[in-house]
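Okay, so chain A shows up in both of these, paired with chain B first and chain C after.
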Partner chain A sequence: MVNFGFTISVTRAVEYDKNDKGCAEYVALRVPSSSACIGCGGCSATCTAGNLTEFNIRKIQMLMKRGENQLYKEQLHKCMLCGKCLTVCPRGVDTRGMILAMIEYMREK
Partner chain B sequence: MFTFTSPNYEPFVWPFSIGMATLLIYITIKYIKWIYEFDKANRIKILKGLFSLGTLRSVKEIFLESLVHRKIYRENPMLGYMHMCFGLGWALLIIVGHLESSIYQASWANTPYYSIFFYYFLPAGAEYWGDEVFGFLMDLILLMILSGLFIAWGKRLYSRMVGMKKTTKQRPYDRLVKGVLWSIFPLRFLAESMQSAITGHGSFLTHSTGEFFASCLPVETLSYPLWWAYSLSLGIFFLLIPGSRYMHIPTEMVYIFLKNWGVKLDVKLGPNGELRGLSKFEVYSCSRCGICLNQCQLLTSLNNESIQPVYFLRKVREDVERGNEINNCLMCGRCEELCPVDIDLNALRMMQRQDHSVVTDETYSYIPSLSKTSPIKTGEEYSGCRKVAYFAGCMGHLTPRVIASMCNIFNKAGVEYHFIDEGGGICCGRPLRLSGNRAAADVLMQKNIERIVATGAEILVTSCPICYKSFKEEYELPIMVMHHTEYIDMLMHCGALNIRKGKERLVFHNPCELGRGCNIVEAPQRVLGAVGEIVATEFDGKASLCCGGSLANTVISPIERGRIAADALSRYTCSDPDCVVTACPLCKKNFAKVKQPVPIRDISEIVAERC
Partner chain C sequence: MDMVTTNNRQWEKYQKEIADDRYYYARSCIRQTFFPGSEWAFIDILRNKLGKDIFDDPKHTTCTGIGYHSDVVPFQTTMTVVARHFALMTEAGYANITPSCITSFGIYTEILHAWEEHPELLERVREDLYKATKREFDVPKNLAHTSDVIYKFRNQIAMQMVHPLVDVHTGKPLRVVDHIGCHYAKMFPSKGVGGAEFPAVLSGMVDAWGGECIDYPERRHCCGFGFRNYLVQANRGYSVANSMKKLESMEPYEPDFIVTNCPGCGMFLDKWQYTISEMSGKTYGKNGYGIPVLTYEEMAGLVLGYNPWDLGLQMHQVAVEPLLDKMGIDYDPEKKYCDADGKLISLPKCPTFLKQ
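Right, the complex of A and B next:
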């Protein structure tokens, strides 16, 4: 292939139909308030773990809803369950419950 | 005058005797089996405790709690009286009855049934030492039990009469056993009355009713079948006890002994997740009185009537699926505070929460260790001999005003301090522990201990009662741990703070983890008394309400938390204070989410303003 000195980026299409939405369905059932999330990122801003690492709840919940489970699976155990995110959420999402439900789903799978 | 008669016998003594013997054999085998499951340390404690003061203390406690029901008296005198009638009344009936029959027979070694059915065996015209006094006493005791029975009937119709909004929904089997129990005393009363009409014994109660019955009923024919019925009701009751809630009667007494001998609750479950050792005694000691029901805010605010200790422990006993009951609990400890049997309700629930954490070398490895450059100060940076280390905690960082107030107080008092988590710290691990993940919590604990010890401080002050409880109970730190209310109290006591008293009317909301959890009740009262005027509420000290923010509950939604907070706040503000004061950043944050009739402030904010 001719090297033009640059490449076009890989398509970042989300394969909604192919992705495994099992976790998203499980979380939606266990934590109904998760549907109220507007992705404001308040949780990630206050996160004790997020202060020290890449752990990002806003991103995790987005990936979870897309069904891209492999992309966040390893992140879940970084959570310290301190509950700060729960307290700051302006939409009343049980963020701590979401993390617990995801961990539970991944364990059972 | 002493008379001696040969041992008496009637076929109707058999139902009672068989029932009692079977029950005794059953509970003895069961208790030995449970004690056998104790670990070695606890078994040694039993052996050492047998001949210690603990045994005497137990006897006293059994009298005060199992018979007189002192704790229930404090809750509601009428309810206490009702329980006392059954507990103390029945015990006195047995003791005085045995004493009376022994004096009559001039022997202590008569068969158990002889004293129970003594008035049947007592021939007409028999005289013995103190016969009239005994007759009077036995009638008085019987009357006491019957009066308790009337209250119990009334309680079924209108439970608010004894101060209970809700009473336990008993299973059909327990209702049946209760029916048998309730029939015992009226049957005894009838049998003794009829007998009194024949032999002339008895006193003001049975003798009078006996005379009345004799005027309208064939007492000679009715008396014998009634003694049979009395014996049958006793025998059936004893036989039904093992599967019923009345197992609490014998178990509670053994539990009191074990507790006073220093036997500790084994928080580890057995290989198949079953309870072991003392926890079995605790589960069977629950009398399902239902006092915990009215304490539970999940019931009063969310109308959830299925997870309270009384139902939870029943499910534990029946060993049925109870995932929701295990996790849907605020662990506020309000039930435990008033439990008349002193069962470790929180611990029993906590130990059943499963540990899902997988701990590897990678677990929380992102937390910078002290040697690396990090926003957290390293050991070397803690130069000088600062005696105090301050830990705001995760929730503390959500309430910057609390942190600013504490810094202000430290400065005003001229205290040099290390701010451990100034640039953001890590969690103390208690929220993980509360959700069952004990192994992961231990990892965080080790990392925090390292940080705290590196400061070289002598006192660790924290603003968060959640951190405080874990520092105090789990960390085993070599230094003194204080919550900021305690620390402010100490500063005031030694004159380091010059406080101006204000005129604000303050209501104090004692956080669950601080008051009930760590026994800190007086320090905040002293501090508040110095800065303003305390308005007393019925939720002061250890009777405080939960704000609903508890991290121990992993089931309820934030909306439901809000409902608990709003209810709690409206109950705190019914005396129209100027301000509700708390000492926990999480409580403050959680109250802040609902409509506030008055400002919610932390105790440190008020002190910082007035010093």
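Right, the complex of A and C next:
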């Protein structure tokens, strides 16, 4: 193969048809309130783990729904399960339940 | 009011005024370098097939579009250079300008719009141009891209058609991908036929000449040209990625060829096929060939029976012979790389994967 001094950039398009939606389907079944999330980020703002690490619940739930599981898999264990996010969610989403369901899914897989 | 009348009335909003004679021709830096036969064919078709008056001015220069969009040339300079073009047009006694390049068309449109909104800019440019060159100018009465002109006369061309866009072996219409340059109607939608939503300038030609346009997912995506994307070598992967996205999207529809109205798009969709094949081994046409890319002048030229080598099709990276065979066009393979006197110039090096 010829080296022209550059590489072909990989697309950043979200491949909804090709990505693994298994985790999103599992979480939707286990935690029905997860579908009410509006992505406001209140959970991430109040998150203790988020203040100390790169853990970000809003981003994780978005990546999960896109099926981009590899991008957040390593972050899940940083949650301390304190549940502060539950108290601030304006939509009453069981955010802690979502994290637990994701961890369960990853473990079973 | 019935549906047809309503639709016709809606469609009227997407039409533009295109002058029907006496054009001042503004050549394109890229087209005359990479597709020199196209500009010759355009002038020849207008003069000898349609009987129009078109003036090809040797004093005309670049519009500075590439430098302008790369933040190298300031707007004031671009305006003054364009004002000189208008002065040349005025001196030659013409009032309708027709640029060959989509970026020039975009530049002219943008400048005319700026002068309309800010008349003080126009006065300043008049002053600058006079100080620099002692020239004066009239603002053009009509600005139409050269593809608009061919679109306007598509039915007259259809009446003189020698090779319609039909597969002579199956009798079916050729499947064509139309690619409209971004600067044609995405910046100023009202200045393009069909606007930004339904650009019909190329599909209108294809329909009139017997072909069939393919509607594929990335039809309106940019080709990746974008000036800054390719000027810096390290960024070219982004440019190729855009072309690749389009080629992969159109591949399942098995197009017979791509037609573009922007010289930059034509160049990149053609030449990046070679680059992609050399970098990844991937080719997009049948049997190891690429998908041929034509300019609309070349398409019109083939339809009107011009010799493919006079149109400059040997300048293309992707081989056009499979398309010529489908259209039933006679050509002499031996003369592909010969000059006007019939002497062999030289043979190009063959690509590793892209069949020639």
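The criterion applied here is as follows: the second predicted complex is superposed on the first by the 99 of 109 C-alpha atoms of A that agree within 3 Å, B and C clash if a C-alpha of one lies under 4 Å from a C-alpha of the other, contacts with A are read in each partner's own complex, and residues count from 1 in each chain.
Here is the rule we go by: a residue touches a chain if its C-beta (ideal position, glycine included) is under 8 Å from a C-beta of that chain, and two chains touch if they have at least 3 such contacts.
None of these values were measured; they are calculated from a predicted model.
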Chain A residues touched by each partner, larger count belonging to chain B or chain C: B
Contacts of A:Pro32 with chain B and chain C, given as first, second, both or neither: first
Partner chain in contact with A:Leu63 - chain B first, chain C second, else both or neither: neither
Touched partner set for A:Thr87, first chain B, second chain C, both or neither: first
Partner chain in contact with A:Phe6 - chain B first, chain C second, else both or neither: second
Touching partner for A:Cys43 - first (chain B), second (chain C), both, neither: neither
Which of chain B and chain C A:Arg107 touches, first, second, both or neither: first
Common interface residues of chain A - those touching chain B in one complex and chain C in the other: none
Complex interface listing, chain B residues touching chain A: 356-358, 363-364, 366-368, 375, 394-395, 397-398, 424-427, 429, 431-432, 435, 437, 440, 444, 549, 551, 554-555, 557-559, 562, 586, 589-590
Chain C-facing residues of chain A, complex: 1-2, 4-11
Chain B contact footprint on chain A (complex, rising order): 31-33, 46, 48-49, 51-53, 55, 77-78, 80-84, 86-89, 92-94, 96-97, 100, 103-104, 107
Chain C to chain A touching residues, read off their complex: 233-238, 240-241, 244-245, 275-276, 278-281, 352
